[in-house]
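Should a chain be cited, it is by its letter among A, B, C and D, assigned in written order, with residues numbered from 1 in that chain.
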């Protein structure tokens, strides 16, 4: 049996496209699942080697379904992330022209991204929601609707053609971040432009508790990239925090920050350290005075020498 | 034309029940709207005096649709909050017994709350989703399904009876928090057990930025009750923060904390100060040394005397 | 009776020279006192309008005699400061040459500053201590010693001449800071390059108490220029802190910092706000984001508008 | 040659009494030196095994002569501390009665401690200063003065008797703290009630620098016991800080705090970890949540497991 990657299906969606950008995906069997939960459960029970799911996008922020699955249940770990710019193509049956289009379809999440384009180019078209963008394309193929918003890559699969590409309303390129999640094992190797994900539960609740947690990162020169509160299940107003921080658990500053959090938090769940998908544009960590590995090592050696009376 | 309150409909849902707990609702026309956005827009355009919408619950945390509407667009303000415990009744047509039930329905959000009860009492029943809990009750009335999970209050409206009440899976009572939102005006009067809501945008992004924002509350003895990040629209990884903090803008410590945030943030949006719905169980603010109004006033008077050389 | 300034005597010392750099000294009677305590007491009892005493130098740091007098007893306030570079002249009776000098004298505090010069130029000369540098010059005049280290200005008074001037061993120019101290009244006007002095007593003693006091300055972008601990009199290990901070009590950031300290300290004694003697080289305050008067005023106005529901 | 301890002489002073409370002093030759500097230099050049000098008292705070010697020059380390309560006896030649006393003597530092007693019991007596309290006793023995204030222990040495004992003006018992200083070697063993002394030089000077240094202690639950600024020699307004902190360099929290300081300071000089002289009344360290050795070890082990993917 070949190793397989579970992913949030169906086939022909942005998730699959993002997954296929990972070199290791080429040598795995890729299996679509109907939900984030089922894909992650496939990993937990050993049915899949890893799962590939969306975790953050520029419209919704942290994707709570995915975060909640990682926060609770049997521990999982993130090994890779992929950033995908989301732009839509308008897919039609060959021969259809813009003036032929009376009905358009796509997953509801696509609507905010194409609203302005629709208003400008197809103000009369009626919108019908589909279960997924891929499913919308299939319904156009079947003749149920005239056009579907989907990834351009979906055209070939459904025998459609793209009347228009690069559609996105946001002035900023809409992006989705996906992660490859597996059972706990040794984290991905440090690359120098990495990210570490943890979940933090506060020990108590007084003014400054959360500030002090964040201080464990701040005083060691570590930037935060995501801070998403999620209910703990203990009732309204009780939250834990999903945090993405700049750096790798092998970085001395990160290891010490995690130790600090472990000591002052009620609970910490480590979700992995992995290469940043935006490593090309990222500034390297450890660039604040006193936070490089070399400075941590030198400081530890100095304390050891003091403990021996040699300095 | 009588003053009216828009609320997230349809009629017969928990939202309406929560709204009716407000004394002022008795003298307003209550108008259901199909979405949070449409209810809030009704306020913005002057169609309604205020809107009543859910903003946080013990399962989802901050309700992003509502938060995103408050974060952007024409400013609105929160004037009241209501906490409602959510427990379900199993509604059936009169005469139906437990053993008659083959199909059950409700809004999908209800499912996590009744899953265990179903497994224990109706393991064979088939679940069908409804557009709202009220709509599920209507479908039972019409004979389409055998039973609906809904608020007990919905029984009378649809000619049903409650076979079972008080159903909720969570060990902690499931709660939803609703807010009454209006156009900007003078905040609700200080009661001594209040909450202040703001949205914060960071000026820049370096290690410690968010810690320093939270420090404006912490150093003045102010507890946080909600911290929910929301995308700013400037692309993935860019967030603003919706914050609920303990206290009223008329409290000296809160006024000074807001001033501090205004100075160090790129932008602050004030969303109002209003009585806490859990005032009966809340500890009063200003209980940390040096943070009471009296101490703030005394300190300001002392500085004024120093400026005059009298002390 | 003309207004008088008490100063730490005797006449003909650096203190008198520093005092005479103040324009207002020209119109006062200047009265030497035998000690800092007696000069300050002269102010307290109304015998003098103000007292001029050393408070910090580059060798000793804060001068504890002066600080202790300001910390305790009837409150006094600082209105002006003077910085004086201390360099010595070698004073001799007219006609004396370097090779004639067998004995040298000065106040003991002068010795560390001229030690290297002596070793290089008069390695055989015997050192004898004098009660003050002025007294040393007098003893040379009387023929008791061959040469005295003193300020060049002392030559004329004692009929001596300066064989050598500009003597100082320190690679950095030795400086002494003097302050003009009066009874409490309206502080000196704000110049934009000011200093504020306070004494702080901690309310309690737990990890972070002192850090939190300093945080009241730091979070408002205020630099510290002196932090000197002094015993409170409550036994060993009990300290209060004399602090010089950059800015004037009329600066909004400073007024708010002082208010914060007043609230969280056991006690605060305000010692005045006055123009910095190094104003020409000083960077202006309020240069950190969010800490200018304009930003404080804008923030206060914004909170006031929020309290009114207008924004 | 027997090992010897240098101490600040002359013989028969409080320093010698304090030194003799150390069990190890019984087996060393004790050699008085004329100054703190000469006693410490004796250690530096190998003439003495260790030096015993005063470092802090309840009237003066940190004793700057001693601190400055430890801050600069060839590194030394503190191995022990002794706390001595300072009370005076009035020593006279046998047969002298109170009414016989016209002149009294002692070191000038004694005067503030006996001033009230003198005013009450010998209002007419003339004060004459002596070079040390021991020297004052000698002068009484020689008949030069009628009475000397000194330690009761000095009576026997000079053939005097104590007319009165337990004289001290301070409402709080006056205390002096002494330290035993040697060349760098392995610190004294951890006892659980220890103190660590360091000197800190700031890397740069912006609002918050000093607060951040203190934060390295505060965030790890470490109390400060002394913070004394001393000039760095780089000109007026430039200071380093002598800090005594609660705990031993072998305590995990202290080791990590020192590492943090080493990373963010321009320079750190370790002055040793040694048993607290007030151990009997001291609260034990590590009593704040998350700061015990056990919690540090557990956190380090957890991070190690995370780095291996086992948790």
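Remarks
FYI, contacts are C-beta pairs under 8 Å (C-beta built on N, C-alpha and C of every residue); 3 or more make two chains touch, one makes a residue touch a chain.
In UniProt terms the chains read A, B, C, D = Prephenate dehydratase.
Just so it is clear, the structure is predicted and the values come from calculations on it, not from any experiment.
Looking at subunit B (Prephenate dehydratase) and subunit D (Prephenate dehydratase), the chains that touch each of them are A, C. In terms of their C-alpha centroids, the spacing between subunit A (Prephenate dehydratase) and subunit C (Prephenate dehydratase) amounts to 59 Å. With centres set at the average Cα position, the gap from subunit C (Prephenate dehydratase) to subunit D (Prephenate dehydratase) is 28 Å. Averaging C-alpha coordinates per chain places the centre of subunit B (Prephenate dehydratase) 58 Å away from that of subunit C (Prephenate dehydratase). Counting only residues that touch two or more partner chains, subunit B (Prephenate dehydratase) has 215, 219. Looking at which chains touch one another, you get A-B, A-D, B-C, C-D. Residues of subunit D (Prephenate dehydratase) that touch subunit A (Prephenate dehydratase) in their complex: 75, 77, 184-187, 203, 212, 215-216, 219, 249-250, 255-256, 258-260, 262-264, 268, 270, 289-291, 295-296, 298-300, 302-303, 306-311. Partner subunit D (Prephenate dehydratase) is touched in their complex by these residues of subunit C (Prephenate dehydratase): 56-62, 64, 83, 170, 172-173, 175-177, 205-208, 210-211, 214-215, 217-231, 233-239, 241, 288.
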